[in-house]
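Shared chain: chain A. Partners: chain B in the first complex, chain C in the second.
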Partner chain A sequence: MKSFRVSVHIVPRKGLLDPQGKAVADALHTLGFHAVGDVHVGRHLVIETAASDAAAAEGAVREMCSRLLANPVTEDFEIAGVAAS
Partner chain B sequence: MKSFRVSVHIVPRKGLLDPQGKAVADALHTLGFHAVGDVHVGRHLVIETAASDAAAAEGAVREMCSRLLANPVTEDFEIAGVAAS
Partner chain C sequence: MKFGIVSFPGSNCDDDAVYAATETLGLPAVKLWHKSHDLEGSDVIVLPGGFAYGDYLRAGAIARFSPIMREVAAHAQRGGPVIGICNGFQIACEAGLLPGALMRNAGLQFLSMPVTIRVENTSTRWTALCTEGQRLTMPIAHGEGRYTVDATTLERVEGEGLVVFRYVDERGEATAAANVNGSLDNIAGVRNAAGNVVGLMPHPERALDPLLGSADGRVLFESVLAAVHA
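Let's look at the complex of A and B:
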């Protein structure tokens, strides 16, 4: 078993309202950043896990996302990277 | 002016307590994912902004992070990517 660090992005589904992103965009406009358009706010997780190889680590993290970390109704997730650690 | 999508990761500083990550790790253990070690939870932002080039877009987003998006006492940020959109 080797150690892996798997990065995951969990983001609101395209087309769904993203009130947190809207609030950030409004605040940036207020601060004078008028060039800013849409802002999307999601979560960035780094999970350290033991697995036999990188594919197994990615598979395990996908299952974690489906079962616990991402809300399948409102969120999408993507594996951003798998690195040995 | 061109349009850019800049991705940013905002994460708790190394060595600071990450109670959200601890809670996620505990929940994963309870679900049976015993191979999981530490979990770190941060934010993943995608900011759409107009700028003359990619370097200017990245510079603007660095300033947004310093002034509003990241808490300089407890969080670090890194620009994960700049893409024309």
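Let's look at the complex of A and C:
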């Protein structure tokens, strides 16, 4: 078994009202960043886990996302990176 | 009949729920610590309001894995009455006892105010003594109460009459202005298919005495009392 650090992005589901993201986008527009379109505010998790290889580490984190880390009704997740640690 | 009120670390309305059972209904109530595996003979389970586990990750996401929740799910499966109030509603949704999820209020503000809700369905253990269309005034106190559900489930929720309460204005209309947290279809509370599990964001246990602004919450507790005795 090796050690891995798996990063996950969890963001509000596409199409759902994201008032926090909208508030941040509005603030950015106020600051003059007029090129900014939508902003989505979510969570970034870094999970340190033991696994036989990177694919197994990613698979385990995907299952963690489905069962606990993301709510399938309201959130989407993506694996942002898998690194040996 | 005995009330079991679950206390999670961070629950803060468990004492209000105990008060509702003991002082208002004159019934015994026991607080059930979340690590317990025993409902201690409770006939009715209350998942109270608060911030279980500090709302870490998502409101209710960690609490649903507390040992007591396995017993609560089994009680619900047997047809035992369960009510999830505010944070308890969030926990019941996360646990899959009720459809949907609660998201950050559309206006981003924590809302602490009285609201009017309309009873949409009386085929539940908690609204059996209500009349359809009856308006109830109760306080809300939440930051994450925007009811959300995917389109397919919404069709089922609406089609099967699983909506129990909607936010309405003083005329009883489900307007956008009355929908204080931006919930889908003004939904303030839902039930499971069997009608023994109900969840809502407003606080019936804080609306038991006219001295505190409203006694409209009593009918929910009186309904479950009638249901268990029936």
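To be clear about the criterion, the second predicted complex is superposed on the first by the 85 of 85 C-alpha atoms of A that agree within 3 Å, B and C clash if a C-alpha of one lies under 4 Å from a C-alpha of the other, contacts with A are read in each partner's own complex, and residues count from 1 in each chain.
As a convention for this text, a residue touches a chain if its C-beta (ideal position, glycine included) is under 8 Å from a C-beta of that chain, and two chains touch if they have at least 3 such contacts.
Only a predicted model underlies this, so the values are computations on that prediction, with no experimental measurement involved.
In the superposition on chain A, A:G37 makes contact with chain B only, while chain C stays out of contact range. Of the two partner chains placed by superposition, only chain C is touched by A:A23; chain B is not. Chain A has more of its residues touched by B than by the other of chain B and chain C. Touch criterion met: A:N71 reaches chain C, while chain B stays clear of it. Common to the chain B and chain C interfaces on chain A are residues 43, 68-69. Per the touch definition, chain B reaches chain A in the complex via residues 1, 3, 9-11, 21, 24, 27-28, 31, 33, 35-51, 60, 63-64, 67-69, 80.
Across the complex, chain C is touched by residues 12, 16-17, 19-20, 23, 43, 68-69, 71, 73-74 of chain A. For chain C in complex with chain A, the residues that touch the partner chain are 57-58, 61, 65, 93-94, 100-101, 103-108, 146, 148-150, 153, 182.
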